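After this come two complexes, each holding subunit A, first together with subunit B and then together with subunit C.
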Partner chain A sequence: MSFAIARTIDEALAGLAAGARPIAGGTDLVVGARHGKAPLPDDLVAIDRLDELKTVTRTALGVSIGALVSHHDIETHPLLTSIYAGLADGSALVGSPSTRHVGTLGGNIMNGSPAMDTGAPLAVMGAEVELRSLRGTRRVPVEQLWVGPGRTCAAPDELCVAVHIPAPPARAGSAYVRLEYRRAMEIAVVGAAAVVTLADDGAVATLAVALTAVAPIILSVTGLDALVGLGVSGAAAAVGEMAATQATPISDVRASDRYRRHTVGVMARRAVEAAARRAGGETIAIPVNRAIGIGAPS
Partner chain B sequence: MTDTPIHAIHLTVNGIDYPVAVAQGRNLLSVIRTEIGLTGTKEGCDDCECGACMVLLDGQPVNSCSYLAVQAQGRAITTVEGLADGDALSLLQRNLLDEGGVQCGFCTPGMLLSATALLQRNDSPSEEEVRIGLSGNLCRCTGYTKIVAAVQRTAVEIRAAARQA
Partner chain C sequence: MTITDPSRPAPRFVRADGPDKVTGSGRYTADLTLTGMLAAKFKYADATHARIVTLDVSAAKAMPGVFAVLTQDDVPDVKFGPFVQDRTLFARDVVRFEGEIIAAVAAVDAATAQRAVDAIVVEYEALPVVNDIEGALSADSPLVHTEWAGYGGVDVLVRDRNDASFASIAKGDVDEGMAAADHVVRSRYVADGCHAVPIEPRAVVAQWEGNKVTIWTSTQVPFDARAGVCETLELPNSRVRIIVPHLGGGFGGKCGFHYEAHVAALARAAKRPVRLVFSRREEFVAPDRRREGIVYDFETGVKADGTITARRVWLALDNGAYTADAGFFSQLAAMHALGPYRIPNALAEAHLVYTNHQPSGSVRAPTAPQTCWALESHTDEVAAAIGMDPVAFRKLNAVDSGAEGPSGQTYGEIGVQQCIDAATAAAGYGQVLPDDEAIGVAIGWWPSFSVPSGAYVKIDGDGSGQIITGAQECGTGAVMTLRQLAADELGMPAERFELVYQDTSVAPYDMGATGSQTLFNNGRAVVAAAGQIAEQLRNLAAEQLEASPADIVLADGMASVAGSPDRGISIDELAGIAAGGELLIGHGSGIPPGAPATVGSSCVGDLGMSAWVAPQFSCHAVRVKVDRDTGVARVLHVSAAHDSGTIINPIGAQGQVEGAVLMGIGQALTEGTTYDDQGRQRNAALLEYKLQTCADAPPIDVHFIQINTPDAGPRGAKGLAEAPNVATAAAIANAIAKILGTPVRQLPMTAERVWEQLQGDQGARS
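So, the complex of A and B:
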């Protein structure tokens, strides 16, 4: 057993190559171990001091978000809460203030839960994940990262160093909504993210939708090209039906499969409507869930 | 199974350096309470849900029940004992007592730390922002109204004091 605090990315990569697991905020790893879900790995390398992975950088192509950027940083970052509002909607819903301060974007996506709140927004935005090991660096579209519940395509020696999101086109907007039974310390019953681009006449020009907690991994809705050219309300209603049809939810203590299938359609419709409002230039406060009244009032 | 190694580490709690020997999987909460002997920080659910174990790590709230003690090396840890200056309670502590925001007291340390962190980043929170700031802390006695009032009153007084300075 060993525990090391990495001072440089190379130290972290060497630790991973020697078989250690990275720990960022530990809000999945430590909490899961305490639940008995999976024992704490014998060898750990703490990556939380790697300040170079805590930056949000605007690039010519879009934005690069370091793997250690926290949910709190995302929900308060001026660029991410405006141009990438759907991602901020997701981070703002995570746990409580402490979970959002300690929990990281890298930890959220590498943990690979189908209920993760940043996964669907990143999928609809066409994000890529940068994975680094002593063997080199590669980029993987985020939708290819997840291969099953709690499983990613990353090799054990690969560290997620950043998430890259392309710049959205003009007249685009994004939103993420989730069904929750209470307004904090909640896990998505189901959720949906959407990116909508509007044509000059207000019709839908492009559309992407992804769903949370209704399949073994984040599920991207297919067949949306057929909706291009429709008005927003028609497209939103159609997306709701397609989402409910394509979902393959399970029943568990939180909801039955039938309830999930029904409500994910509602969430998908609302995500499209909110994204379209933002695409039209409207500002909806982060998280859009509160602004549109999902979840019990406080 | 390999033997759990004991790590000789230093933790800085309320500005004081404590050398401690801790097993790898040991949580920060139990080290603060049993090795360091500061029992203001409480164990409630032991599951990251109730916030009784809240401490600040470099000024940010953390559930110490689910944070590895070894990972807190080199960070400034603040517990409820660090809020008062000797016997002089902090403004927030005084206001919480004054408003009647303390009954059994079990959630109070965690509430104080979450609220302290909130007021440090936002000196004029709305009621909604206070409620969100305290959303990781459960109270089973007072029903939150008085706690929220104490935090809002403290914000007003902090701003008034800043204007006078």
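So, the complex of A and C:
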């Protein structure tokens, strides 16, 4: 059993090549071990001191978010809370304030849980993950990253170093909405993210929707091209039905499959509506869950 | 917060244990480390009903680092239980719930102990699992205890097969009352079980010195814990000392006797100190303290003018596999099912039913929140049947000062009507709301418990005081408030008193942090003890000031002659004088108020719960919003009005109500245990068993109706720890029912159940 603290990315990559697993915030790894989900790996390499992985950089093509950027950083970052608001919606719902301060974006997506809150927003935004190893660097679209519950296509020696999100077109907006039984320390029962681009006449020009916790991986809704040209409310209603149809939820102690199938449709509809409002220039506070539906102030 | 008597301003109050707890310097049981200390782990049954065919601990015993492995063969063969002696420390022959202990290990560290536990071999022959409360009462149900008839138990208990305690309350003629009604309303409700969930999972440390054992334990009831150790290990009181470090919450879950004997037995066998620290999962699954699930059938007859003519209730409580302190729950639930109403003809029948679930036991106001939820939901249905506003219906039918309650008790001064007025006014009941919002109202009640209790008070030579009390602080602040009572009695600041508490070998008996009884009874004891010192001080001052003792006034740290404020001497100075002569020492207990009479009712299985001394009343009015698309309900505002007598520590009292209301919101919406088909808990973890968080807390208005209660505790105080947990879930239910147009018949009213109700599903699934 070993625990090494990496001072450079190369040290971290060398550790992974030698069979160690990376640990940053530890919010999945440590909690999972304590709950008996999976024992702690024998060898750990701590990457939490790699400051170069903690930056948010605006690029010509969009934004690059270092793998160690925390959920708290995301939910408070001026660029991410405006142009990439759907991602900030997701990060703002993770766990508790303390979880959000230590939990990282890289950890969230590499943990590969279908209930992750940043996965659906990244999927609808067309994000790519940068994976690095001593063998080199490659970029993988997030939708190809996840291959099953808790499983990614990354090789054991590959470290997620950044997430790259393309810049949205003009008159685009995004949102992530989640079913919550309580307002903190919650895990997604179902959730949905949407990116909507509006045409000049207010109709839907482009539309992407992805669903949380209703399939073995984050599920992208297909067949949305047919909705282009519809008004927002019509498109949102149709998306709700398509989401409910395409979802393959399970029954467990959190909810029945029947209830999940229904509510994921509601979440998808609300995500499209909120994204469209943002696309129209409206500012809805982060997280959008607190501003719509049951969360709306009375 | 409002207090109806403005002549009593809220004193500034700093809890003596506050700085320790807030700064992290306080020591809890799990923080204790003793030289040579070993770690304990338990082997649990896992099976919910099975006969033990093989139990082989030889491999565990042989492991390096293992100092002791115990089974029932290694401890006295004693059956115990406060109402029915139906269990032993370790399972022998048969296991009856998943968290039953089969063996215990002490080893050098927790990991080694766990490996040894894993090496214990158990083979079972499966027995039929009793997983359904009502089914367990049927004649052909398998028995949880085939030897039930041979068990010792409290004489008055009415037991029959899987029915561990039957109780009834009967008054008048129910059939006649129903016949006289214009409408008869019948309702069925089902409440799931839930948990206390203290922040601190329990811990026990035991150390033997010679033939005496000291046990540090996270218990709410140190004297009860001592009694349990003495009974099961066959030791006299004089050889067992229980000390409770800071307690990280209990909510009833740490009442009773838990694991102190197991750890003491391990420490004796290992000849080393031993520490047990529970995981969160163990805290959920193992203790015999869980809020009981209950099935209810209500029938109420009512006249068109709103007068109740009769009520009949049948209910069955889930006792679980063993009878812990739930023996009296059947009668208590029967009282709550009849409710604080004027009912001329009443019959409540309650069964406490063995199942292969974790045993039930006291959790904050046992039986009350779920029974109030069912009764008050039913009450709104009754009001609706005659087209009457539910608040007006309650005003008409609720008891009042001088009225007779459902069991024949006639009340002295009580404040239930004032509670209804205060809570509904503060909530703005009657206002026009959006169609996805509503205000629900419920009333509740809870007894005060009058029991013996003792304390010493002493003043040292420097004028500082100590209160040495058997009372146990479980977070409510009741023990902390004792300083205020002693200080007021002696005219000294509360800060001059130190508390010495939670040690059975130091202080006199107290029942512990249970039944909201601490201030009611130990407060009486402290006032009596301080009164003895006050008399000593007055005599001393009279000598010094050449006045009559009857003219000496103790106030502001001075003993002065009445009417001559310049003739005085400081209490510090008097304490110095006393230190050279007769020391300032007082002891107190006082006489507990007697139980009130019940007239005109008959009770089967009477365990003293049909008449309540100094009863407490409450009304909660709660504004709720429901998301019709998802069924998620959100509490927007709570008004809680309480008649708990005189409020001595307003800040602490407000905290008790706020905490209990939040706990009630959890019970209403998110907290419920679900079982698999074998009776194992499916959500024994904090991610799946959803407590409310601070982020969920609505604004909570607290109103205290302070009236002159007969037979109350010190200065007219009643209890307060449990009463505020009674009516919240019920009020939420009535708000949800208004929004939906129909009640949700199963508790908790989860989002999915609310949504199913909106789909036209009847929701009640047992």
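By our rule, the second predicted complex is superposed on the first by the 292 of 298 C-alpha atoms of A that agree within 3 Å, B and C clash if a C-alpha of one lies under 4 Å from a C-alpha of the other, contacts with A are read in each partner's own complex, and residues count from 1 in each chain.
Methods note: a contact is a pair of C-beta atoms (placed from the backbone, for glycine too) under 8 Å apart; a residue touches a chain by one contact, two chains touch by 3 or more.
Just so it is clear, the model here is predicted, and its values are computed rather than measured.
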Point to revise | Partner chain in contact with A:T283 - subunit B first, subunit C second, else both or neither | key: neither
Practice item. For A:T27, select first, second, both or neither according to whether it touches subunit B, subunit C, the two together, or no partner. Key: first
Review point. Once the shared chain is lined up, is A:T245 touching subunit B (first), subunit C (second), both, or neither of them?
Key: neither
Practice item. Please indicate which partner A:I187 is in contact with in the superposed arrangement: first for subunit B, second for subunit C, both, or neither. Key: second
Exercise for review: Go through the superposed model and pick first if A:L40 touches only subunit B, second if only subunit C, both, or neither.
Suggested key: first
Exercise for review: Identify the partner contact of A:T8: answer first if only subunit B is touched, second if only subunit C is, both if each is, neither if none is.
Suggested key: neither
Review point. After superposition on the shared chain, which partner residues are touched by A:V102: those of subunit B (first), subunit C (second), both, or neither?
Key: first
Review point. Of subunit B and subunit C, which one contacts the greater number of residues in subunit A?
Key: B
Check your understanding: Just subunit B (first), just subunit C (second), both, or neither: which does A:T57 touch?
Key -> neither
Check your understanding: With the two structures laid over each other on chain A, which partner does A:L179 touch: subunit B (first), subunit C (second), both, or neither?
Key -> second
Check your understanding: So which positions on subunit A get touched by both subunit B and subunit C?
Key -> 35, 96, 183-185, 298
Exercise for review: Please name which positions on subunit A make contact with subunit C in the complex.
Suggested key: 35, 96, 179-187, 253-256, 259, 262-263, 266, 293-295, 298
**Study point:** subunit A contact footprint on subunit B (complex, rising order)
**Key:** 2-5, 7, 24-25, 27, 46-49, 51, 54, 57, 60-63, 65-68, 70-71, 73-74, 114, 117-118, 128, 131-133, 135-137
Practice item. Quick one: which bits of subunit A touch subunit B in the complex? Just the residue numbers, please. Key: 1-3, 5, 23, 26-27, 30-31, 33-35, 40, 42, 44, 46, 48-49, 72, 95-99, 101-102, 183-185, 298
Review point. In the complex formed with subunit A, which residues of subunit C make contact?
Key: 434, 437, 625-627, 629-630, 632-634, 636, 669-670, 674, 682-683, 685-688, 690-696, 750-752, 755-756
